[in-house]
């Protein structure tokens, strides 16, 4: 395995009804992370999760999908390795636990729960058009978000 | 078991370094909920969790403590029934899942994760001096908080 | 809370299609444990779980039901405090983790998983008409099972 | 993703103090499964888990390691994708839930819990020198074990 300081990065956001501009950001985030050798961790479903996985896989990366249900078939087609946790929204905590950093792209309450769990654990959080909670680093776009994550890793 | 519309209510907040005024609110919340016959659900530790449990037990109520660690002895002394989940912060999701409504008293990131998970699940959330996230009903004190919870139950 | 050496005891077994003689044993086990002041922990459903809870409640005891699903209404009517874990069979591990000792009454594969997890954790296991795995203490009936559990506690 | 009938197979067994002959079987099992295109799922630690992962990786396969602790560094070096669940032995249930079939090689009580959970869920179980519980298909060696798994898949 690669010995990167930031080896697993979660990309979190809504699973549906996402603005195209945010989907594009998520896809670019996935690609940039994969090029750095990071495993891209998501909740495995659609929307932001699928866009991030697609970006990562397009450049040959690896994606881990932690699904809420028990059926692996619910994973989007860009998930390399799927874990059908059957734990419902408790899997949000697993997404956070697996990750060395978290990038939130837009997102609803589920995303907010992941941001809060990450901040509580001391895991760096970067947001693109997401919840502006104290502690979240705000990035204008995918490039800045990934740069912020790498900055944290180098610090 | 009582067949109340709101039978289990979670009281969430920080486990330490809590202002005395908030502790007093949490204790009153616990007592008022217990008088309504509700089981008071908490994370089982100190601070707001302990105050809510103490309030509930003082009036003869029942409290459920869902601990992060594997050691039941970590429960505060006012927990009636303790579940040492050994799941760390994933237990926040269990606290939310067990509850028909959630009252947040102050609180840090862990509390925010519980608020977000509850809102995501459609569980009513009332806050006293807590995170003012869209969807959280703001109460000035314990009496108003419990009244809001009962209003929701009657609706 | 009582400060017994064995404060929480799990009673595990099948949820349906149980021989009446085993149901009677489970009910007696529940009553005897409750008289010792122990909280009776079960998976919260029918069959052996319900019988043990009924026995405990009949003598004024407290029962904790850790349900596999997200719906508290699935709990049998003798559960004092219900936790709707929503974790499916992963809740078997929680039943074991909560308990200082485990009494298995009959039981299918799910029961075997609980026996194995308990033995793996070093938690004493007593069986009545159950799986005869090395490490399981075999009891002829409820009285002997509870006596064996108390023996372990005193050791 | 490959659309195999049996896409994820768990290989379970002890993490230490394993006879060399069993380690060799586990390594061969891993290699044969990977050649069939299956993702090899393990608990991510040493012993049988490590041997199965090594076999799979040696032939270019993918391995998923579901660790009990919160530290990804505990994974053996042949794990492709690690999930540090922080759930302790509850992760045994996740290993089973992720898998379309389970091959047990030797093993202690933890392994027995996985066998029992798999049988309870209707997941096929093959054992090599493992627990001979009703429902477990017994294989003499790695070749037979993988053949039995493929037979089940084709049925």
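The letters A, B, C and D name the chains in turn, as written, and every chain counts its residues from 1.
Criterion: a contact is a pair of C-beta atoms (placed from the backbone, for glycine too) under 8 Å apart; a residue touches a chain by one contact, two chains touch by 3 or more.
Remember, predicted model here, so these are calculated numbers, not experimental data.
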Copy pair chain B, chain C: interface residue numbering same or different (half cut): same
A-D against C-D, pair bridged by the larger set of C-beta contacts: C-D
Chain C-chain D separation of Cα centroids, rounded to whole Å: 30
Chain D, residues touching no fewer than two other chains: 70, 86-88, 90, 94, 97
Chain D to chain C touching residues, read off their complex: 87-90, 92-94, 97, 108-110, 112-113, 115-117, 119-121, 133, 135
For the chain C and chain B complex, residues of the former touching the latter: 1, 7-8, 39, 62, 64, 66, 70, 72, 75, 77, 79-86, 94, 97-98
List of chain C residues in touch with chain A within their complex: 70, 86-88, 90
